[in-house]
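Shared chain: chain A. Partners: chain B in the first complex, chain C in the second.
After this line comes the complex of A and B, so read on.
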C-alpha cells in the first residue's frame, strides 16, 4: 500500500482575515514498510501534514491518496477524483471512518486523545470500534499496554490522573491496539524516560519489520539516527529534503532548519577535525566509535 | 550564597487518602540562586513535587519551607507570588483568549501598571520568538509555539523561583538552546533567581548546579551532576541514561583508557584523544 500526496495545501481559517497557510504545496510517496521520520522547525507544518493522512484535516487544495481513499477538502477536485469510481468507493470516501482503521495517528499532546474513565477502556475503544469482540479487544489492549510498559496496576486508573509520560504511553497503546497498517506518531518520545523511549522505539521497529509503515515526527535527532530509514525535513509548509539519516547529518545545513546533528555524530566530526589517527570513515554506530578509539588508544597504552 | 530558599522536610503525599503514597519521606533543600534539575523515571513524582511547591496541591504530612517560612493556607497566596511554573502540558497554562492576553495574565494579576505590562509582553514575546503571534488564539498554535508562549508568560513575571516542568520537550533542538540561553541570561542578571528544571534530558541535567533524582516517590540521589552520574548502574536500574560525555568516558575507562577528570565536554575530549 502506498500513501501519496499531491501538491497539498492546507490553510487554517481559510475564509477569515487571519487565514494562515500551514502547508504550501507538499507532494510525497510513502511505500509500505517505510520508516519515515519527519523533522523541522517549530511551526513548519509537521503536525498539520500528518493530520491529513487520516483525514482529520482535509487539504484545502491537492489531495492524499491511500488505496481507495482520496482525501481532500476541495469538493470540485474530490468529485473529479471519484468520478469513475464505484458506489462502495464513493461511500468509503464520505466520512473516511474505514480509512482510520488503516491509518492510526497518535497526537502530539496525549490529552487530546484520552477520553475514557479507565486506561483499559481507553485502549480497548479502538479494537471495539473496529468490530472486535470484547474478549479480543481486551487481549489486544493488554498486549498494547504491555508493549508501552504499563502493567495491570494501570488498567483501572483514570487516564487523566496519570503522569505526563504515563499518559503518552496510554495514547500510544490506544493506537497500537487497533493494529493499523500505517502508524503515525507525533513526537512519541517527548516526555518519556530513557527506558520508555528505547522500548517504544523497539516496538515500532518490530512492527516496521513486519511490514507496517511508520511515520514519526520527532525533534530527537538520535531517534532519526537510530531508527529512521528515510527522513523528511519540513520548512515553512514545504518538504525541503527527503534523504537517508546519514546524508541528512552529513550534507544538509541543519542550522537553517533549527536542527542539529546527534551528539555521536558531532563527536565523530570533532575527532576528524582534530586529526584523529583512527579510521572514522566506516563508523556508523556509537559502539563502532568506541571500538575504534580503544583500538588506537588502547594499543598506545599497552605498547 | 548558601541560603536555603526551598526546603522539603519529610514530605509524604498521596492524591487520594486511601491510596498508596506517591511521595515517601521526601527531603531536600535548594539554595537561593541554584539551578537544579529534577530527574526520575515516568511516574516517579517529579510533577507532584512541583505542584506541592507552588501550592497547587496541599500536603498533610511534613513541611515545605519557602525562604524559611512554612508554606500553609494563610501565607500561600503571598508566597505564590514569587513562584512560577511552566506546566508539562502548555494547554494547562492558557487562560487568555489570545497569546497577548495570555502573556499579560500573570502580570495583570500582580497589578503591574498598564504601560509596563504592554512593554513586558512585547519584550518577552520577542525573546521567545512569538512576537508575530500576539493576536492568535493559543489553540491555533503548533506544539512548540504553545510552549514558547507558556514560557514567556512565566519569565515575564520577575519571579524569585521558576520551575520548568519539561517546558521545552516539544521544541526543536535550536529552540531548546535558545530558551536555555534566555534563562541563563536572566540568571546572570539576577543571581538570586532560583531555577528548577524537571527534565528527561541528561545533557541538560549535566549542566545544573545540582541534580535530584527520584525513584518511586523517594529521593534516590541528590548531589552534583558529576557525582550523580557516577551511579551508572543505579540510574540504569530505574530506566535513566547518562549524559553523552559521561557515557563515553565510562565506556573508555572500562577498557583501561582513563580520561582526565577536568574534561567535561566533547570538544575537550576530542582534543584529548587526538593528542
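After this line comes the complex of A and C, so read on.
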C-alpha cells in the first residue's frame, strides 16, 4: 500500500486573526514496508502532516491518497477525485473509520489515552470499535501485547498503575491491536529512559520487518541513524529534504534545522577533517571504524 | 471549541480602561434595570377595558431604552457583534422551550383576562399574553447576555478575579479566607485553555482508535464520552499535583497576606462613570415606581395621553 500526498496545505484557524499555515504545499510518496523518520524544528508541521494521514485533520488544499481513500477538506476537489467511482468508495470516504483501521496513529505521550480498568480491556477497545467480535478482539489484543513485550501477568492490571514505559507500550499495543498496515508514531521515545527507548524501537523494528510501514516523528537523531530507512526533514511547512540517513548526515547542515548530529557522525567528520586516510564512506558502526583503523595502522606498520 | 462567553480582546477603549470593580458594579446595576417591573399592576383600566397592550407597551419601551444604552456601550467598547450573535446560538434551545410553554400557558391570575390569537377546536389557544410574556423574558435574557459579553470581552480574566477579590473583602472580617477563593478562580481560569487543548488531543487519539464522538445512540455516546473523561481526569489530577508542589516550592502560603503585581486604581474617569451609572439606576427606578405606584406610563411624561 502506497501513501501519496499531493500539494497538501493546512491552515489552522483559517477564518480567524490567529491563522497560521502549518503545511504549505507538501508532496510525498511513502512505499509499503518503509521505515520513515520525520525530523524538523518544533512548529515545522510534522505533527500536522501525520494527522492528515489518518484524516484527523483534513487538508485545506491538496489531498492524501491511500488505496481507495482520498483525504481532503476541499469539497470540490473531493467531488472531482471521487467522480465515476463506486458507491462503497464514497461511503468509505464519508467518515474515515475504515481508513483508521489501516493507518494507526500513536500520539505523543500516548499513555494519556488510556481509560479502561484493565490493560486487556484498553487494548481490546480499538478492535471492538472497528467491528471485530469480542473473541477476535481478545486474540488481537493478546497478540499486540506480546508484540510489545507484555505477558499475561499484565492483562488484568490497571493501566494507571504501570510505569511510564509500560504505559506507553500498552498504548502502542492499543493501536497495534487493530492490525494497521501503516503505523504512525509521534515521538514514541520522548520522556523514556534509554532502556525504554531501546525496547520500544526494538518493537518497531520487528513490526517493520513484518512488512508494516512505519512513519516516526522524532527529535532523537540516534533513532534516525540506527533505525530509519528514509528520512524526511521538514521546515516551515515544507519537506526540504527526503533522503537516506547516511546522506542526510553527510550532505545536510543539520544545525540549520535545530537538529543534533549524532556523536558517531561528528567523530567521523572530525577524523576526515584531520586527514584520516581510511575509507570513511562505508563505515556505519564503531566496529567498522575500529576495523578500518586497525587495517590502516597494520598496513602502515607493514609498509 | 468556542466558549459561550467572549474571549478578552485587548483593545484601547474607555470601557477597557474602566476599573474592573466598577464594571462589575455596572453589570449588576444594568441587570437590575433589566429585571425591574415597568408596568401598571392593574390590568383593567377605569372603564373596565383590559389594557394588556398598554401593560407591555411600557415595559418594552423602557427595555428598548435599556437596549439602546447597552448597544451604545457595545459600540464604545468595540465588542464584536459576531461574537454576540454566536453567544445567542447557545440559548436558542431555551428560547424555543420558553416559546412553547409561554405561548400556550401564559402566566395569569384568572383565565378571563387572556386574549387568544387563535383558538383551536380542542380548546387550546395561543394567547397574546403568552406571546408578549415570552418576548419579555427573551428580551431580558438577550440583554443580560450582551452585558456579560461586554464585561468578559473588555476585562482581562485576571482583572475580574481581582475585582471579585475586592468585593469579597468584607467576608474576611468573618475570618473567611477570601484570598483562597481568588486563587482558585484564577487557577481555574488559567487552566481552561490547557484542558481544552488536552481534551482535543485525547479526542483525536481516541478517534484514531475508532471512536466516533458524533455518532451512535445515547449508550454509545456515553461510552465514547467515558474515553474522554477518564484520561482527562487522570491528567487533571497529575497537573494539580504538579501545580501544588510547584506552588509550595515557590513559597505559596494559603493564609498569608498577598499583594498583587497589578493594583486596581480608581481614576477620576471612573468616578464620572460611577455617577453616570447611579443616574441611570435612578432613572430606571423612577420609571418603575411611576408605573407601579402612580400608574403613569413612560410616554405620559411627554403629554401623550391614553393607553395603547
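Observations on the structure shown:
Just so we're on the same page, the second predicted complex is superposed on the first by the 256 of 303 C-alpha atoms of A that agree within 3 Å, B and C clash if a C-alpha of one lies under 4 Å from a C-alpha of the other, contacts with A are read in each partner's own complex, and residues count from 1 in each chain.
By definition in this document, a contact is a pair of C-beta atoms (placed from the backbone, for glycine too) under 8 Å apart; a residue touches a chain by one contact, two chains touch by 3 or more.
Owing to the predicted nature of the structure, the values given are computational and were not obtained by experimental measurement.
Looking at the shared chain after the overlay, A:59 reaches neither chain B nor chain C. Judged by the touch definition given at the top, the superposed model places A:5 against neither chain B nor chain C. Once the two complexes are overlaid on the shared chain, A:51 sits against chain C while remaining clear of chain B.
Applying the stated contact rule after C-alpha superposition, one finds that A:237 touches neither chain B nor chain C.
When both complexes are overlaid on chain A, the residue A:113 reaches chain C alone and has no touch with chain B.
Put chain B and chain C next to each other and count what each touches on chain A; the higher total goes to B. When the two structures are aligned on the shared chain, A:175 is found in touch with chain C, with no touch to chain B. By the touch criterion defined above, A:263 reaches chain B but does not reach chain C.
Chain A uses no single residue to touch chain B in one structure and chain C in the other.
Across the interface of their complex, chain B is touched by residues 12-13, 18, 39-43, 47, 108-109, 111, 161-166, 169, 186-187, 190-196, 219, 221, 255, 257-260, 263-264, 266-267, 270-271, 273-277, 290, 293-294, 297-298, 301 of chain A.
Across the interface of their complex, chain A is touched by residues 198, 201-202, 204-212, 215, 226-227, 230-231, 234-235 of chain C. The touching residues of chain A, counted against chain C in their complex, run 51, 54, 56, 95, 97, 100-101, 104-105, 107, 110, 112-115, 125-126, 129-130, 160, 174-175, 178. Residues 15, 40-43, 46-47, 88-89, 91, 135-136, 140-145, 148, 165-166, 169-175, 200, 202-203, 239-241, 244, 248, 251-252, 255-257, 266-267, 269-271, 273-274 of chain B are the ones touching chain A in the complex.
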